[in-house]
Amino acid sequence: MNNREIIARRVAQEFKDGDFVNLGIGIPTLSTAYLPEGVNVILHSENGHYNFGPLTCEEDKDPDSINASGEFCVVRNGGVFFDSTVSFGIIRGGYLDKTVLGALQVDQEGNLANWKIPGRVVPGIGGGMDLVVGAKKVIIAMEHTAKGEKKILKKCTIPLTAMGEVDMIITEKAVFVRENGGLVLKETYPGVTADEIRELTEADFTVDENLKTMSI
Amino acid sequence: MNNREIIARRVAQEFKDGDFVNLGIGIPTLSTAYLPEGVNVILHSENGHYNFGPLTCEEDKDPDSINASGEFCVVRNGGVFFDSTVSFGIIRGGYLDKTVLGALQVDQEGNLANWKIPGRVVPGIGGGMDLVVGAKKVIIAMEHTAKGEKKILKKCTIPLTAMGEVDMIITEKAVFVRENGGLVLKETYPGVTADEIRELTEADFTVDENLKTMSI
Amino acid sequence: MAKIISIKEAMDMIHDGMSIMVAGFLAVGTPEKLIDALVEKNTKDHTLIAISTAYPNKGSGKLVVNKQIKKAIVSHIGTNPEAGRQYINNELEIEFVPQGTLVERIRCGGFGMGGFLTPTGVGTEIEEGKQRITVDGKDYLLEKHLRADVAFIRAHKADKNGNLTYRKAARNSNMVMATAADITFVVADEIVEVGDLDQDEIMTPGIFVDYLVQV
Amino acid sequence: MAKIISIKEAMDMIHDGMSIMVAGFLAVGTPEKLIDALVEKNTKDHTLIAISTAYPNKGSGKLVVNKQIKKAIVSHIGTNPEAGRQYINNELEIEFVPQGTLVERIRCGGFGMGGFLTPTGVGTEIEEGKQRITVDGKDYLLEKHLRADVAFIRAHKADKNGNLTYRKAARNSNMVMATAADITFVVADEIVEVGDLDQDEIMTPGIFVDYLVQV
């Protein structure tokens, strides 16, 4: 199992049946492939619709029906189309149960950086800043480090996407939850110790007294 | 011809074919009865529709189809229904060519007072404040005086509806236009002199060098 | 998404002192049966948020007549003499809001915005206590968002996911109020199966709706 | 209300330096024929207002590739490498705006509001130069309205009064951009007679539309 799959499988466990969610491109979207039996989520797409039932992309290439990544998508019975202002009204209005996004950096204050690396071409902001301030729960799904560089920091060093909004971090090695303003290590991958996580993590965190093993 | 009819007939002359307008209750709405041949206006109603062609009320009592005065109204082919935020978006967005409203007081600075008399029960504001700031042209249609009290003043003495938004005043005796920040008397009712208007008007005004007789 | 409940179940969720948005324009678009049930329940001290106090015997006005309203945030009371009577006798507090400002404040409440800038009311009493902000040389008032504990919505058709359509002028404040309350109750002329409504013609996505009330 | 014109008549109204809203999301909902005609006309120094710069060969991106855009106000350029190239070489100025903020700024522009308060961007670079305003204990940024000289809109059906419907995800920024430009050009998949569209299902009232462009 590669890192992406481990993370996606663990993310999938966070969903409850009927959750209304918006998922970033990559691992977050991949997580829907691993939804537990009987769990369906409703996928919101920034460009103006939501789907009931599992997402079906590329199956019916209706030129007017894409998702926010530009893939052709079927919006099933019970789904709805709406305009961009309603779409972001839903986002900012707190209607999303969860959003799952990737990150360049996260820090112990819940700050998130995922849109801009100084000195590189910025692809853009898209809907990310709105999602992170709007969703009830913000889950960051990412590899624990990037080419050996730590990504879970005391303080983000690159421009922020949002301040203090991250609720949970899921990597291939660990699960952190933000509680009372600080990070708490809740789970580690089988065979990985809290000390090993400390080596790979710059942020201060406490270890939950019921530290669990990630079950994937 | 009574005062209401004189004013309504004069107001009707202000409309061009295709004008998109919102008309207050009373004399303003009455004015559509006197539209010149070949002139149709599109009537916007605050509660969320506009009509093409002359307004037809009370003819078809569809319980879901009323105008802003609560009268049952037919919205003809080409008309549209929309929600309140769009209705007031149209108003504030400057899409109305004209609005015609009654007034308690108007002054030489273009201030309007038509919602509140201190010491009396206030019926409310409704959509009036939005209409007056939003419409391209604000026409006040009212009797020149009320029970002998002057209504066209140097400065309104009761709470304002809007500041400096009035473009034109039509009474049964005179027509004023606001030009370069001041009132100009443009027309008088047959047989009424500018001096007589001055007697009935507290506001300072200039008399147009081409002062005309109102043709009703 | 939306759950179908009885009118009794709906009333069980409403308590003294709650703020209530009642959709409708002069009672067109108001779910009268929810109003009637609330009159019967006779809870007190509500804040009413509505375009107007409608009529004494129709729409939100019935709650005023039954003395259930402590404060009304409305644009107009002129069609309900009882509202005027209670107002001058200090039995009813009224916050008059220009109609366009009222519906936009509600939209801000539903859509997660703190407020907006409107030219409406600049230089009038409405400005009192508000910040004036100039943008591109034009003056605006900063108007703040408005939410409620519950909203009473009347739809034309509702599917079982809570997706709604409205009919003609009954739409008015329904669309915006459906987004801005903690609990949104909808009475529909007709409840249909999921899939019966065209996905492009749904006016209120079901995500905004908590309960379809069977009457 | 709306007038039916040819694509040449439409292009005659567009001049160097005008700001242009191009509706669409990754080119879905973009009137490609207006873009192609503008590429051919080859006017310069436009400000582009769009959700993104789309693709090099699709949507608003074609205007970027043809070097007609001086400044782009967008939420994303990642799908158009040429936009990125021009941006790092200082050939193209870009104002990045969070997507929800962008469409709401446009709505304010169309609906006569000076701006609105959003929690999006608080504590980020996006806050620079903006006023932070606290409402009910929560921080918001004051974001200002946005308008354009012209808007390019793609509808599904248009009646001859300019009333519009959109289809599926092609609606996106079309509805809001149709309200916020001095001249609104619409290309519809189909132009129908007045009365052929259901009055309740019209998504953009014709009052917002200046021209239906026949392509």
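In order of appearance the chains are A, B, C and D, and numbering begins at 1 in each one.
The rule is simple: contacts are C-beta pairs under 8 Å (C-beta built on N, C-alpha and C of every residue); 3 or more make two chains touch, one makes a residue touch a chain.
On a predicted model such as this, the values are computed, not experimentally measured, just so you know.
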Next item on the list: Provide the labels of all chains in contact with chain A and in contact with chain C.
Entry: D
Check: Of all chains present, which has the mean Cα position farthest from that of chain D?
Finding: B
Next item on the list: List the centre-to-centre spacing of chain C and chain D in whole Å, with centres computed as mean CA coordinates.
Entry: 32
Checklist line | Between chain A and chain D, centroid-to-centroid distance (C-alpha), Å | finding: 29
Check: Just how far, in Å, is the C-alpha centre of chain D from the one of chain B?
Finding: 35
Note to self: Please output the residue numbers of chain A that touch at least 2 other chains, ranges allowed.
What the structure shows: 49, 75, 81-82, 85, 88, 91-92, 133-134
Checklist line | Residues of chain C engaged with two or more neighbouring chains | finding: 104, 107, 112-113, 118-119, 166-168, 171, 199-200
Check: Touch graph across the chains, line, ring, star, complete or other?
Finding: other
Note to self: Output every touching chain pair, sorted by label.
What the structure shows: A-C, A-D, B-C, B-D, C-D
Check: Inside the complex, what are the residues of chain D that reach chain B?
Finding: 1, 107, 110-113, 159, 161, 163, 179, 194-195, 199-200, 202, 205-208
Item checked: Complex contact set, residues of chain B against chain C -> 45-49, 62-68, 70, 73, 75, 81-85, 87-88, 91-92, 111, 116, 121-130, 133-134, 159-164
Check: Touching chain A in the complex: which residues of chain D?
Finding: 25-26, 28-29, 51-52, 74-79, 84, 87-88, 96-101, 103-104, 107, 118-126, 156, 166-176, 203
Next item on the list: Flag every residue of chain B that touches chain D in the complex, lowest number first.
Entry: 18, 20, 42, 49-50, 52, 75, 77-82, 85-86, 88-95, 133-134
Margin query: Quick check: in the complex, which residue numbers of chain C touch chain D?
Written below: 104, 108, 112-119, 131, 133, 135-136, 138, 140, 142, 144-145, 165-168, 171, 199-201
